[in-house]
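Structures given as C-alpha cells follow.
Two complexes follow with subunit A in common, the first pairing it with subunit B and the second with subunit C.
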Partner chain A sequence: MSKPKVAFFDFTSCEGCQLNKLNFENDFLDMLEHVDIVEFREAMDDKADEYDIAFIEGSISTPTCIERIHDIRRRAKVLVALGQCACSGGVNAMKNLHQPDWVREEVYGNEKYRFPSIPAQPVSAVVKVDYEVRGCPMSAPEYLHIFKSLVMGRKPEIFDHAVCVECKLKENECVLDKGMFCLGPVTRAGCEAICPGNGQYCTGCRGPISNLNLEGAVEMLREHGFSETEARKRLHLFSANELV
Partner chain B sequence: MDLQINVHHLTRVEGHGNIVIDMQSGQLKKAQLEIVEPPRFFEAMLKGRNFHEAAIITSRICGICSLGHQMTSLKATEAALGLAISEQTLKLRKILVHGATFQSNVLHALFLAAPDFLNVGSVFPLINTHKEVVLAALRLKRLANEIGELISGRAVHPISCVPGGFTKLPTNEELAALREKLVTQAIPDASFVVEVVASLAGAIPDFVRETEYISVYSPQEYGLYDGQICSSDSGLHPVDDYLRVTNEFIVPHSTSKHARFNRSSYFVGALARFNNSSALLSPLAKDVAARLGLQAPNYNPYMNTVAQVVEVAHCVEDTIRLIDELLATGIKAEKPNQEPTRYGRGMATTEVPRGILFHDYTYNRQGQIEKANCIIPTGQNLANIDDDMKKLVPEIIGEGKAAITKKLEMLVRAYDPCISCSVHLLDVQFDE
Partner chain C sequence: MNYLDTITRMNLHEKYLLTSKQIPDFISFLKTQGAVYAAQKKGEQSYSYQYVEDPANVVLDYPRTIQPLKKFFLPPREELLSFDYQNNSYQKTDVVAEKRIFFGIHSYEMQGVLRLDYSFKKGNPEGNYLNRRENCIFIGVSYEPDEFHLANALGIEVENTEGLSIYLEPVREGYIAFVIDEAGQNLIQGFGKTAKVTETIHIKEKPAKAKIRYHYNRLPKVFEHVYTSQVWGQIAKKCLGCGTCNLLCSTCYCFDVRDEVSLDLQSGTRERFWDGCMLNRFAEVAGNENFRDELSSRTRHRLHRKFKYLTEESGALHCVGCGRCSKYCPAKINLGTTINALIDDFTEQQKLKEAY
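Moving on to the complex of A and B:
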C-alpha cells in the first residue's frame, strides 16, 4: 500500500492549530514515515491535485474561502476540520454578533467594498466534514488519535461528555468552588481538562456538549455569582454560532 | 524592459499575501506586498469584555505570537487597572518571552528561510540531506515548548498567565531540570545551528537600504519584555506616545494597515532590536554575532534572519541567568493580584519575535473594556517591505524573472511576516 497523501489548508484563523500540530516534534519525524505531506503552504512550496486526507484549519469568512473549500473537498477523500475556528467558527464567530457592514466601514471607510467579509462560518456550513478535532487550539491528543486512526484505517472515537468529568478524574481542585468562573460543566471533553489542571477556568473552547441545557447553564453560573449577561457573554466567546 | 511578477499566496510565511511587481518600459509602476488574509475584527470582539478575558481573546490573534500578545495584553490591563506584579512574576514572564522568541526564531530561520539558501522548496528534503541540523532545530523548538508548558500550561495559547500573576507556578525542581537541559542541550544545539548558518551566509543576498529602525529599548537589558519605544532616527519615546510613532494609514492593496514615523516607512523585528540594543546582548550572543559577521548598524533586511539566530543564543543564555536568580530565592507560593486600584486607560509594548507590539485598552468601572487597539509588527513592516522592493527590483532587473521572483520571496520571508496578526483590524470606534 502506498503512503496516504496528506494536505493541510488554512482559512480564517490564527494558525495556532497548525503550529500545535508541528509541536509534536518527537512524533513528527515518525509520522513522515507513514504519510506523504503533499501540500502545506506554511511550510512548503509544493501543491498537489488530490489528497487522501485534507486537514482544514480556520473558518469560512470571505467569498474566496467558499470557492477554495469546494475545490479542496472535490480533491479530498476524507476531510477533517482542525480546531474550533473550523468546527464551529470559534472566536471568529463573535464578529457575527455585530453589524458586519458597519464594522467594516469603521475600519476601511469608503474602501470597504474592496474587502468583502461574510459571517464567519464552520467548514461544515459549506461542505461535508468527515471528522472534527475540537478546541482552541485543537487538542493535541485528540488530533494524534484521529490522525493515527485514519492512517491505520480505523474509525476514531468521538467524545461527548463534559469537561467536568475529565476534570474530576484528574482530581483537579474545582475552580468554580474557589469562586472563579468555569464552563467545564457544559463544555465538550477531550482536552483532559487542561485549563482547570493549570488553575485556570474553562473558557469553553471545545464548544458545548450536544445535549446542552443553555438556560440551566446560565442559572448554574448565576448561582455562583455571575450575572446572566456576563454568563451569556462568556458562553459566546467560542460558540457564538452554536448558541445564538 | 517589461516585467510582471505575481506570486499568489506566498508560501512559507504565516498567513496569506501576494507579491505584485509591474514594470513597464523600464519604469516601475508597482512593487508591493498585497495582504489578502481575511480580516478578523478583534477590537470589536473585545468591547464589553471582562478584564479576565482580554488576554485570552487577544492571544487568538495569532498562534505563533500568542505568548507575546498575552504578555502585552496583561501589561496593558495591569497598567489600566493599577495591578502591581511581583518580582517573581516578572522573571517568569521574561523567561516565557525568551522561550517564545527563540522558538519562533529557530522555526523561521531553519524551517522557513533556510530552504531558500539551499535551493529547496521546503524543510522536508533537508530531513534527508541535513538531518543533524533539522534535529538540533527540532530539539530547540521542543525545549522552547517545554518552557511554555512548564510556566504557562501550554505553548500555543498559554493558560496560566493572568492579570496580576500566574494561576499555577512551576516547582524549584522543575526549573532546575529545565536549567539542566538548557545548559547541556540547548547551548550545544544553538552553537551547532550557528555553524550551519555561518556556512550558508554566502547565499544571503547582498542588498542595502538604510531605513528607520524601531524597537523596545531598556537601559538595563536587551529590550524584549518591556521598555520605551526607541527609534534609530529620533531616540526614545514613552509608550503612551505609540500612536504618534505608528501613524497607521489604509492602503487599497492590503487588508492590513500600514505605518510610518519619521520617514515613509520603518523596520521592526530582530534586526531593529539588534541595531538599537546590540550592546546589551549576552556574552554568548555577542560571540555569535561576531561569528556570523553581524555588526550594528546593519542595513541589509535579509540579515534579519541572522539577527534572529543571534537572539536565539541571547535568549537561551539569559533564561539560564533568570532561572538561577529564581532558584537562589526559591519559588514562593503567591496568588495573582487581581484587585483593581483604578479604572482607565492602559498602554503597553513588548517585542514579539517579529517586532514591536502595542496593546491599548480603556476600562470602565465594571472592569469591562470600552475601547481597544492593537498594533502589530507585521503591519508596521509592510510599508518598509514595499520600499525595499522598489529599490531592489531596478538593482537586480538584469537577473531574469525567476531570480528576481526568488529574491523578492526571500525578502518578504526575511521579515518573517505574520499576516494573521496584521489583519486583526485596528481602531474600531464604537458609537452607541
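Moving on to the complex of A and C:
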C-alpha cells in the first residue's frame, strides 16, 4: 500500500494552527513516516495534483479564497478543516458583526479598494468539509486522533459534549466555584479541558456543542455574577457565525 | 426519624476513643494494613479522595468530594485491553485487587457504592468493577449536611453504618470509633492504643438543611404520575446539557468505549470512560437519529432512573442524596427543588382527581 498523500493549505488565519502542529515535534515526525507530505507552505515547497487528505487552515474571507478552496476540494479525497477559523470563521468572524465598509477602512484605510473582502466564513460554507479539528489553536489530541484514523482508513470519533465532561473526568476544581468566568458548559470538548486544568477559564475556543442552549448559557453566567452584555460578548468571540 | 433510636442503636456497638493526636497514628497504622485513601484538599476549596501519602493531609470534616467513591471501582478512564494489528491479537488489561482502606467517608457515599454493586452484579456481572470491589474496608465519618445534601430526606441518616467497618463520631477530645464489624474490630485491636469507652455517647443530631415535602417512600409513586409534567420543560430552559450531573453522580454507571491506535499505527488500546444520558451522543443511533434529542426528556430520563426504574427493580432509591448534581450544576439546577416541584404537580393532579 502506498503512503497517503497529504497536503496542508492556509487561508485567512494567524497560521498558529500550522505552527502548533510543528510543535508536536516527535509525535509529528512519527506520523510523517506514514504519509507523503505533498504541500505544506510552512515546511516545504512542492505541488501535487491530487491529495488523499487535504488539511485546510483559516477562514474564507476574500473572493480568491473561494476559487482556491474549490480547486483544492476538487483534488482532495478527504478534506479536513483545521482550527477554529476554518471550522467556524473563528475570531475572524467577529468582523461580520460590523459594517463591511467600516471594517475595511479600519484595517486598510485609504487602500481599502485594493483589498476586496467578504464576510469571514467557515470552509464548510463554500465546500463540503469531511472532518473538523476545532480549537484556537486547534486541539492537539483531536488532531492526532483524526490524523491517525484517516491514515488507517477508519472513521474518526468526534466528541459532541461539553468541556465540563473532560473537567469531571479529571476531577478539576471548577473555576466557576472560584468566582471565575467559564464557557466550558456549552463548549465542545476534545481539548482535554486544558484551560480549566491549568486554572484558567474556558473562552469557548472550540465553539459550541451542537445543542447549544444559548439563553440558558447567558442565564448561567448571570447566576454566576456576569452581566448579560459580557456573557454575549464572550460567547461571540469564537462563534460569531454560529450564534447570530 | 427519632434521634433517641439512633443513639440507642449506635451505643450497642463497641466504642473506643481516638484522640485528635492519635488520628495520624491510626492512619499510619492503617497504612501498614493496606493502601489508604481519604478525602484531601483539591484546589482552593474542593476535596478529592486521594491515596494517603502523609496522614497530616487527611481531611475528616468536609462537605463532599468532587468525584464520588465510584472512581475507585469504575475509574473515569480505564484501559480495557490492548491490541496489535500485526499479529491480530489482543490482551485484556489486568485488574489487580489490592487491599484498600477508605478512611473517613460519608454514609451516603457508602450507600452509593452499594447501589453500584447492585447495578454491576445483576445481569452480566461486570468483572473489572467486581474485582476492584474485593478487599476493601470502609471507615465512615459523621458530617454536617449542607444545603445540597438530600441523604437524610431520602432515608439515609448520617449515622447509617451499612457497609462500614468503623464509624467515627467527633467529640471534644477527638473521635469515638464505633466498631461495626469484625474487620473494624481487628483494626482497632491491631492499633491497640485506644481506650475502650463504656458510657453512653450522646450523638448530636445533625439537622438536614434540604427538605423534601413527602416521605421518600412515596417518591416512586410520584414518579408514576409526572411523566408529562411541565417541570421537565422548565428545567430544560436552564439546563445546558453539560453532563456534570451524570458524571459526578454517586450511582450513575454509564460509560462509552473508544479504541485509540498508537502513532506506530500497529498497536493500540481500548479505553472506556464515563458517559451519561444528558450528553448528545448517548442516545444517538445509526443515521444520526437521537431518540432523546430534547434536554427535557434527558432530565426526565435521568431522574426516572434514580427514583423509578431502578427502584422498581431493586426496591431502593438510586439517588443517595450526595448533592453533587446540585452543588456542581453550572446552571444551579437543584435536585431538591426539582423533586418538590414534581411533588407539587402530583398533589395538584390528585386534588383535581378528587374534585371530579
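As a working rule, the second predicted complex is superposed on the first by the 239 of 244 C-alpha atoms of A that agree within 3 Å, B and C clash if a C-alpha of one lies under 4 Å from a C-alpha of the other, contacts with A are read in each partner's own complex, and residues count from 1 in each chain.
The rule is simple: contacts are C-beta pairs under 8 Å (C-beta built on N, C-alpha and C of every residue); 3 or more make two chains touch, one makes a residue touch a chain.
Since this is a predicted model, take the numbers as computed values, not measurements.
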First, second, both or neither for A:E223, with subunit B first and subunit C second: second
Which of subunit B and subunit C A:E50 touches, first, second, both or neither: neither
Subunit B versus subunit C as contact partner of A:L32, first or second or both or neither: first
In the superposition, subunit B vs subunit C on subunit A residues touched: B
Which superposed partner A:D71 touches (first subunit B, second subunit C, both, neither): neither
Parts of subunit A lying in touch with subunit C, wherever the complex brings them together: 27, 30-31, 34, 144-145, 148-149, 151-152, 157, 159-162, 164-165, 168-174, 176-178, 182, 184-186, 209-211, 213, 215-217, 219-220, 223-224
Residues of subunit B touching subunit A in the complex: 9, 11-15, 36-41, 44-45, 48-50, 52-53, 56-57, 60-64, 66, 107, 111-112, 121-124, 127, 138-139, 141-142, 145, 153-157, 159-160, 162, 166-168, 250, 252, 255, 420, 425-429
Contact footprint of subunit B on subunit A as seen in their complex: 11-20, 22-23, 25-26, 28-29, 32, 37, 40-46, 61-62, 64-65, 90-92, 94-95, 98, 103-104, 106-109, 111, 114-115, 117, 136-137, 181, 194-195, 197-200, 203, 230, 233-234, 237
Contacting residues of subunit C [partner subunit A, same complex]: 42-46, 48, 66-67, 71, 76-77, 236-244, 247-248, 258, 260-261, 263-265, 273-274, 279-281, 293, 295, 328, 330-332
